[in-house]
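Two complexes come next, and they have one chain in common, chain A, joined by chain B in the first and chain C in the second.
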Partner chain A sequence: MSDTNRNRLMLVIAIVMAAIYLFPLYWMFITALKSGSEMFATPPSFWPSEPQRSTYAFVWESRGMGRYLWNSLIIAFGSVILITVLGVGCAYVLARYRNVWVDIGLFLILMLQVLPASLMITPIFVGFSQLGMLNYPRLAVIIAIAAKSMPFFVVLVRATFMAVPQELEEAALVDGNSRVGAFFNIVLPLARNGILVSAILIFMQAFGEFVYSKSIIQAVELQPASVGLNSFMGPNTNEWNNIMAYATIYVTPILAIFVLLQRRIVSGLTSGAIK
Partner chain B sequence: MTKQIELSGVNKYYGAFHALKNIELSIEKGSFVALVGPSGCGKSTLLRSLAGLESISTGDLKIAGELMNNVPPRKRDIAMVFQSYALYPHMTVEQNLTYSLRIRGVPKAEAKKAAEEVAATTGLSQLLGRYPRELSGGQRQRVAMSRAIIRHPKAFLFDEPLSNLDAALRVHMRKEIRTLHDRLGATSVYVTHDQIEAMTMADHVVVMKDGVIEQQGAPLELYDRPANRFVAGFIGSPAMNFVPAVVGEDGRSLAVDVGEKQTITLDRQLQPGRRVTAGLRPEHLHFVEPGQGVFRLPVGIVESTGSATYITTATAAEVTIVETARRPVRTGDIIDVSIRPSDVHVFDGESGLRV
Partner chain C sequence: MKRLLSSIRDGNGFDIVLVAFPLGFLFLMAGLPLLYNILMSFQEVDMFSLGTFLRPFVGFKNYQDLFAQPETWPILGNTAIFVTGSIAGQFLIGFGLALFFWVNFPGASWLRGLFLVSWVMPGLVVGAIWNWILSGDFGVLNFMLRETGIISGNIFWRSDPNYSLYAVIIANIWLGTAFNMILLSVGLASIPGDLYEAAELDGANAWQRFWTITLPMMRSTIGAIVSLGLIFTLQQFDLFAAITSGGPNNSSNVTQYWAWDLSFRQYDFAKGATISVIMIVFVMFASVVYVRSTRHEVRG
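Let's look at the complex of A and B:
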């Protein structure tokens, strides 16, 4: 087989794989536009004959999506801010000091990452309940998410910091800056891309977080969109178009952010984001 | 002359590793000092200790008469040029130059003026708005230098600043750095592993090995009177030839072992029968007519650079000879060479110290 044919075959395989992978997303978008009868038609239609745009407005109103998304945003931003503020310092120390204690710390951090949320939720719930944190459920979820996602952030940002040459910091020290000053003036600006990318990834995780929110937040008016979507679906649900419309409204902004920034996200993760 | 930097009894340990051993060094104001030695000899550690990037374990370090042992780098008023230049990649050349001034709260207009002045002297005027990544190696090197000179520090520290440049540019920058040093009347400490750099640039050369200062002094003093075998072999290019020898019975000659025993006369009296090492610089061995030399040597390898011919002999202890006159020498020839008695270096066979 010649090289060109080989490349064509690879391309075809890639396209087929991508199609399989993206099919659910496509199905979500078109189902949201279908009418009730078309949705259950056999054979199924792959393009809605009469797109029902009104579904979106109806779902937004009837489910109170504004409030759900607002809660999701609060939880996501809260988690990102908490993780960034705490995690950047942690990652910096882990990047710059090498000794046994740092290795132990790193190991523990990675251990935390291994534990699944569904396992962690019980002890967290009991602990929060005794501390009275359940009276501030969104804050409780933010703290729980921060604890869960911090390791991921720290590991990524640590790699970014390690890519900033130590000589730059030393040059800043000799030039007359203090260690803290050198960190804020030199290291932080150079690590900015990596930190930003990691923060965006954390944001996307937190925006879709379900387990903690579902368990900790009882009051409907404080629940995020992920929990709202779950309560939309019951055992006898048949309004799939409405659910898909909900899902579309929920994920499209995130997808858009990812598509717009994907080049920077990928390069930020791989290059250490120095140049 | 006043002492600008003084080190007395300085030791540095990294855990069990003894990186600097009892360093005694004083550097006069306005002098250019080169720290030279093979990698891992402690020269960079010494320089970083001067900068305050490493702390010294014991001993005293004074800069301009003030004890600096525990003073952080920013209060030492020294400037450093790093091997990698360590230019701030997110700042323009001008911002790089003025960074130290801005930290010290110098007004913007004044800092800008200072940057323009320095840039004019180092030929960077056209490049002030550029970022480091847009500059060539030589230009980056100049920015690093300019960043050091802009604030008139008590001392300049150079950490192998030329090792990333190509050979031609290195020779050029060597002169430029020395000229700059003279014009500023600065005190400079220059770390290098290249003995040519040290010899050509410095007033005072410090040769280090394994954390110990082996010898220090003026460049030619080190060349003419090396204190031990290490310094003798390190200074000078191509390196000095070492051949085992025994002092003759009259005490004024050496029986030298280069395949066959040959005798060379000395200009000084030594203890008869003593086992020593004779040090013969390649450039001090001269061709003579057959029968008039002190050595008869079989030629092994002949390398010609045009300006000089490097001849390596086919003897057990290899001897290199540098000959500037072109002679038709070929592998397998037997040649006669001589050396002036005063050019023969003698080192103790055991300790390697100069005899």
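Let's look at the complex of A and C:
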């Protein structure tokens, strides 16, 4: 078999495997377009006979999705800003030095990364309620997410800073820059892409965050879309087309960002997690 | 004062400031809750004493009560099944896919990256989709299994106590496979190609090359991925909330969901904290293994 033929065969098998793997996603999009009766048809139809586009508008209105997504955006942006402001400097210092203190710091950070949110929420909730933080529930969630996700961000961004040649910073210092000046004018611009990709990853995580929001935010008008989806799915629900329409509206922006920036996201992710 | 300012602007003070704030924040928001958790597990906590730090100290009573409950051991068992099943499934499928995509062909890296959408989607959405796919009467999975003749009657994945845990495991395997595959691909790419050329010259077939080169060279990667898998599966909460809510009758309940359920559904914060402490010890153990297997990276 020639090389081109082999490549074509491999590509076809790969596409088939990707199609099987991504079938749940396809099923979400398709179910959202089905009518109430078609959804429960046996055998199930794999292509909607009469696509119901009005479902989206109906779900958007009836579930108040605008408000939910707005809250998700606030929480996600708040977390990303807090994490970036705090995490970039930390990652820079941990990348710049190699001594036993950096090892200890990294070890502690890696340890904090692994604490499951659903186990940490009990002390965080009780502590926040004692401090009166529950009166600002979205801020409380942002802080909790920041504490949870910052270690991951630091590990990723540290890998980016390690790729910035130290000679450039030293040259800037010799030319009369202060440390602050060298950091902001030389190092930060060079690490910009890596920081951006890590921030996007954090954004996607925070946009779908559930445990903290569900536990801390009681008022419906402040809840994010993940909690809204959870309350939409009662134990005996049969509105699956509406739920899938909700899910479609919720994830499509994330999927779009991911597909557009796929290459960078994947390489950013792999550079930090494992060398 | 002036020296301090100039040190912050142009000396080691700059580094210390950059590190002090994030570490202080992490200590306040992750370290202190951890300690507070341990403290609460030795206290009597109810709705009335929620607002004070000085609650009655009860020693190991919470721990004793916890293990006296009939559901404790089954839930610990479920956790073990969930973790083993998820990791085994994610790892084996992920490794298979990584080996396949390792054969370089045009479009391989792009298609491989596409798998990762399962990982970037919100857990609640993944849970909702699988909840619908696994539905008993109208679920598409049951339809496919029936058509291929694997089962004759519908399996009620979510409401049958024999299957409910496996429903969540299936969803979790789907969720985590891509991440495993991407990390394993990185490990595979770092094996020097001349090792294989040498083995091929020596007459080793593909099977022998896999067992004598690929697996030994991947040892530290595999160790890191399995311990990462353990960490991630013990964090998995959203799928339980979206698919079974731990039911029916705790048959699909695992510790990380149970801890939350005790605290926020039954308002038994002391028990919730107690389970959290026990599980965090496990997770810490896994993370020590993880850090050890990536220590080349940590040391630089």
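The rule we apply is simple: the second predicted complex is superposed on the first by the 251 of 275 C-alpha atoms of A that agree within 3 Å, B and C clash if a C-alpha of one lies under 4 Å from a C-alpha of the other, contacts with A are read in each partner's own complex, and residues count from 1 in each chain.
The rule is simple: contacts are C-beta pairs under 8 Å (C-beta built on N, C-alpha and C of every residue); 3 or more make two chains touch, one makes a residue touch a chain.
Owing to the predicted nature of the structure, the values given are computational and were not obtained by experimental measurement.
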Superposition on chain A - do chain B and chain C clash or fit: fit
Which of chain B and chain C A:V197 touches, first, second, both or neither: neither
Touched partner set for A:M150, first chain B, second chain C, both or neither: second
Chain B versus chain C as contact partner of A:I186, first or second or both or neither: first
Per-residue touch tally on chain A - higher for chain B or for chain C: C
First, second, both or neither for A:M111, with chain B first and chain C second: second
Which superposed partner A:E167 touches (first chain B, second chain C, both, neither): first
Touching partner for A:S178 - first (chain B), second (chain C), both, neither: both
Partner chain(s) touched by A:R98 [first = chain B, second = chain C, both, neither]: second
Superposed arrangement, angle subtended at the Cα centre of chain A by chain B and chain C, nearest 10 degrees: 90
Chain B versus chain C as contact partner of A:S215, first or second or both or neither: second
Minimum distance between Cα atoms of chain B and chain C in the superposition (Å): 8
Touching both chain C and chain B, counted on chain A across the two superposed complexes: 178, 274-275
Of chain B, residues touching chain A in the complex: 51-53, 72-74, 78-80, 82-84, 86-90, 99-100, 103-104, 133, 147, 157
Contacting residues of chain A [partner chain B, same complex]: 165, 167-168, 170-178, 181, 186, 189-190, 274-275
Chain A partner contacts - residues on chain C that touch it in the complex: 9-11, 14-15, 17-19, 21-23, 25-26, 29-34, 36-37, 40, 45, 50-53, 97, 100-101, 103, 105-118, 120-126, 128-133, 135, 137-138, 140, 143, 147, 174, 177-178, 182-183, 185-187, 221, 224-225, 228, 231, 234-235, 237-238, 241-242, 245, 256-257, 259-260, 263-264, 269, 272-273, 275-276, 279-280, 283-284, 286-287, 290-291, 294, 296-300
Contact set on chain A toward chain C in their complex: 6-7, 10-11, 13-15, 17-18, 21-22, 24-25, 27-28, 31, 39-40, 42-44, 86-87, 89-90, 92-94, 96-98, 103, 105-127, 129-130, 143-144, 146-148, 150-151, 154, 162, 178-180, 183, 201, 204, 207-211, 214-215, 225-226, 229-230, 233, 235, 240, 243-244, 247, 250-251, 254-255, 258-259, 262-263, 265-266, 269-270, 273-275
